[in-house]
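One chain, chain A, links the two complexes that follow: it is found with chain B in the first and with chain C in the second.
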Partner chain A sequence: MHALDTKAAMGGWSGPTLVKVAGLSDFAAGQLPIERMALDLRMQAGAPTSSALAALPWAGFLVDEPEQAPNGRPWVALPPDGLAVAAGDAIEVRPETHKVARRYRRGGNNNILFATERCNSFCVMCSQPPRDIQDDWRVQHLCDLVELIDRDTSQLTITGGEPTLLGQGLRRVIEHCAAHLPQTHIQVLSNGRNFGKEAPASTFVAPHPSLIWAVPLYADHYALHDYIVQSSGAFAETVRGLYALEEAKQRIEIRVVLVKPVVARLPELARFIYRNFPFIEHIALMGTEPTGFAKAHRDELWIDPADMQAELTEAVEFLSARDLRVSLYNLPLCTLPKPLWPFAKRSISDWKQHYLPACEACEVRTRCGGLFAWVTPEWTSRSIMPIKETYSCASH
Partner chain B sequence: MRKSLALTGAALAAAQGAAHSADRAATTAHLTDMAIRDADFTVTLAAPLNVNIHNMYASHASHSSHASHASHSSGSGGSYRAAPVYTPSYTPAYRPAPAPAPAPSTMPDLGPSVAPLVSPNATRATGDQLKMMIMRVQAALYSKGYDPGAIDGVMTSETKLALAKFQGAHGLPANSKMTTATLNALGVALGP
Partner chain C sequence: MPSADFARVVDKELRSDEPLFADLQARHLIMADAATSTLAPLLSQYRTRKACIEHGPKLHIFVVSLRCHHTCAYCQVSRQPLGQSQFDLPGDAAAHAVERLFEWPARDLTVEFQGGEPLLHFERITSLVEAIEARNRHEGRNIRFVIASTLHDLTDDQLAFMRDHRFELSTSLDGPEWLHNANRPRPEKDSYRRTVEGIERGRKVLGEDAVSALTTLTRRSLEAPVEIIDEYRKLGFHSISLRPLSPYGFARKTETRNGYPIGDFLRFYAVALDHLLSVNRSGYFMEETYGRMLLGQLLTPFSHGYVDLRSPTGAGLGAIVYDYDGTVYPSDEARMLASMGDRSFALGRVDEPVTAWLKSPAMQRILAAGVAETLPTCADCAYVPLCGADPIDHFARQGDTIGHRPTSDFCRKQMGLFDLLLERWETGSGSDRQILESWAHRATRREAQPEVEAA
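Moving on, here comes the complex of A and B:
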């Protein structure tokens, strides 16, 4: 597991806070003004020193030792075992806190645009507990970041908090993605409750050629859904939001987090989705991320994936038989019955993906999504064990 | 465009299928449906870096002022669709009128970051621009394992040799010139 920010030594940093780390090929490509890039002078980057190159108006220099930086120019030295940063990444340099955060990872499988810390729900298993603070400054910040992201990035996730609380600011961020990253698939994680209010769904008609809304729905009944999101009236708003998105011709995914009370009614939820939202493009059934509020509610929420196989199988078979696409996220293969393996996706972001010692001997590890890095024994399925493909054949 | 291709293919297949059983047509329809849905997830391959941009560096160290118009083929190896035809008489000031808003599946507008480096009327690079472009080419050569000597913005004999070697290895005329095809192959954009 790798952290996303770190303390770092730095000097003279006065330029932009967000910069792209430039290797020689990024300099050659010339996609960004020199002033928005920091030249990577570290030994690992292997670039030859060149006074002509260093004399260009770089925002700063990434170095191992301060002496490597040209005299009087801004520099940052990352601790050797801390944050992994390489050419093409975008970093945020904060001189006032002596911190460097990585905001974009070149080639990463799950780069995010963090829209806001605010949220109108308060889900019992929230992995990113909200804070009620004014953070509209993030709109401009994200627009700046989008400009630093590689144009061939395949996917970006806009998340929070509840991104639609940015209102028109969210539209601005999405439009900026459309202008700079028209080939990138954009996924927005939203509870959909706002689509009749501050951010009507029509606001988002076709600003980006490839965008999907991922909306959580936890039950076929308002009481359970409202309990899970700790917010009365949320079920009705989300249902209306889903129809508003459909009316605005938006692509929609429904996300279901597999906590204990939700699993109990999962087959009913699957039927509810099929009957009422047949226009849904994709349904993701997701294992719980054991962090944030989830840790405080472990007893109410935890169900071993080994104990949800019946409900999971019924729901997946029901939906896929009706031509609705289903995926299973965050569930290791050894916790799933084999017929469900084709639905399991390697969904855990690379920087928080982890395997257990038992996984060393597993033959399907390369196909398995593994576990969240912060998994603890009490959040670990009893059925975690190395899989030997030959055994499973013999059992036929 | 991908959708239209999928549909055309499907129509042809269906015409053929009509001769067979209705079952077959149903299968074809199903496959077509899947192809159309897949189209939403396919990635459009990148266009070459430098499309419709006047290359004022290509004729550097050359007597022919038209050398820059000689090349418009892609050296990047990526296939692309609907590349605009490069008409030699264009200068960037008269770039073709923007096509109607691009449909999601066609080649994207490359946007402001590939706008011409200087005022669009300029056809000759200034000394500073030329030095910068040579540095970029040197950096690209270095990062691709060639040795252009120091990255100093001077077209030294070492740099020329490295450039010619690179061109030779990529099926380009080994003339040590910064042609558009060479820049595409090196991953060097003509702007900003």
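Moving on, here comes the complex of A and C:
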């Protein structure tokens, strides 16, 4: 789910165009050439615009009706109940498919730079199944996009596919982030398999003031990890990759997706991480996202969070007692024992986040990360229930 | 692992689909599939464990005076009477020592002032601190100052100076008043009272955590494990160090009076450990530092960095002693041997460059016997990854740097403590295990700071 897009009516666009949606403040800020911005003429955008402003060399116009656009200039009209686009966002207009995709959302909590559809793993629960296509064009595309992103954006995620398959291209994207977004925290989701091999970690390591590599490790035992990522020898490559990143003085996070066979050896994995990767900065234990390949393997993968409390508690307590920072992602509070609540993060991207009817009466809903929007009953924990905090105050 | 399972492993009867097989593979005890698994973590574990040798000595001991007002029978450094100023570190030697300090590459340096009683030559301490800090303005090292002192006659001016330079105090407290005064005679018979006063004044000015104490155990002390620990608790300490006597200095001469077989120490330690666990179970945290370091080595991936328990040895690689007469030693033990007349472990003089010390015959001799993994008996020992080499100690006790493990007190002490701690960890209650683990993790957090030597 790397992009949100929609069919849209449009006219006058000559080819795929990446533009920033300009409000008046963006125009006034003057950080981008007018040619790289689209002026928002929709009613929802507020005040009517003067014809002098519209006469400037905008890349195009966002309109409700085609007539709003100045004669002969490119325009696009989004369907009223489709994709939400507002000032500051970056959109891509694709006239050949009559589609508009939102590539950046101002104020969004999890904007991504989608590096490639290719991957060298084939994880059983992959939420973004890979395709073996040549998409190196994305390097230039991402560099263009980075220039359209607000400089005060707090965080960006470079993901795929496997971003390191871009080789030097990934380095270029990171360097571009360093030049244009030096204050933005960048996390790169990579399986780390390329770092210890022919391409040394330094191939990808470009200087950015705040960059962390988030690498999945699913087991202390190679056979289980290799099964999860459906690739023989992957465990050894990832392990060597983690050491190569450490040697290159990189910050590293380990990510663990809590599918059933992984949970079975979770305490052993926690011990393995502490013993062998004590330099890790953060460990994220993540509920499964029920989309992509995960849906096809539901029976092998699904474990109700209510049934993983013992393993989860043991692993979290083991790691945190040893000063390793650990977080729980994608797990609603009502599925967790209360001592683990402080570790739970509101991790689901705003546009994917969802609550169930049962959550209406819950008193901790505002602290809870909720569920993935596409959750179905068979991926829903039996322990989803509204939490009443009133009686628990006695313990304070 | 139950011994029946262990036998199946050794006899190669363990089936590859058993969970134990996977456990042993994940811990690199079995290698079944070299093509798809990896031993890279073992290399990393080794690197992490030995990381303390990477940057050279962190602990730098400056002996500012050999004078002392005590007449302890077990004194390890052969102190000198109060009036003898020829036993003070002179200014030119001190200036050279500061030069040498910054020749070492370590980012973190602990500068420890020792004696005798270092407070008796406090003007040298102030001049050294000022010279070191002036030099450090462009060196940018992290420097920590420690003073190993009885804390007697500590003046307000001295305390103010220590506060301004963020000193830590390390003192000696042997136990309750009767024991401390018997061990540490002063003509006035008030050593205990003066030390406790010094501790309280130090805490008030420098902060609660800035004062630590070490225990020296005489034969008398071995009768009183519970009383010693309760005394530390009464005084609000959360850390205690229970160390047997070392065979140096006056201790060697008085061995028949104060000494004891190492088995007696181990029996003492077992009682002390049980009492410490019960103190901790009652809700008062108190660790034993030597046990903490051994457990840290066992239960964490890190090394404690304690200079007397490293392989390669910490002598000259982890610590350097700048003696009052300008001689440089690789450890306190080497200086103590010299005070008994054997100067063969002197590295050189303080006006020679550090590289000359490292090339000295003394350093070659230490290094040749300084890697535990290569020493006879140690090489085959299950505990060697947790243990260290101490060539100078073996020389002092056995007349040979390599030494003979079956008759080595060092080895007996180590084996005895490993056995005891592992047994308590393995058979103890859940809460005992938690207590011992909390000691180990504390060791990890303190990794950067070398353990200081005793006053």
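Note that in this section the second predicted complex is superposed on the first by the 380 of 396 C-alpha atoms of A that agree within 3 Å, B and C clash if a C-alpha of one lies under 4 Å from a C-alpha of the other, contacts with A are read in each partner's own complex, and residues count from 1 in each chain.
The criterion applied here is as follows: contacts are C-beta pairs under 8 Å (C-beta built on N, C-alpha and C of every residue); 3 or more make two chains touch, one makes a residue touch a chain.
These numbers come from a predicted model, not from an experiment.
**Q** After the superposition on A, what does A:Asp220 contact: first (chain B), second (chain C), both or neither?
**A** second
**Q** So, A:His282: does it touch chain B (first), chain C (second), both, or neither?
**A** Touch status of A:His282: no partner.
**Q** Is A:Arg298 in contact with chain B, with chain C, with both, or with neither (first, second, both, neither)?
**A** neither
**Q** Under the stated touch criterion, which partner chain does A:Phe235 make contact with: chain B (first), chain C (second), both, or neither?
**A** After superposition on chain A, A:Phe235 lies in contact with chain C alone.
**Q** Tell me which partner A:Tyr274 touches in the superposition: chain B (first), chain C (second), both or neither.
**A** Second partner only.
**Q** Spell out the part of chain A that touches chain C in their complex, as residue ranges.
**A** 196, 220-224, 226, 232-233, 235-236, 239-240, 243, 265, 268, 272, 274-278, 321-323
**Q** Tell me, which parts of chain C touch chain A in their complex?
**A** 22-23, 25-26, 33, 35-38, 40-41, 43-45, 48, 300-302, 437, 441, 444-445
**Q** Can you tell me which positions in chain A touch chain B when the two form their complex?
**A** Against chain B, the touching part of chain A is residues 23-25, 27-33, 47-48, 50-53, 151-152, 154, 179-180, 182-183, 185, 209-210, 251.
**Q** Within their complex, state which residues of chain B touch chain A.
**A** Those residues of chain B that touch chain A are 40-41, 43-44, 46, 49, 102-105, 108-109, 111, 113, 135-137, 139-140, 142-144, 150-153, 186-192.
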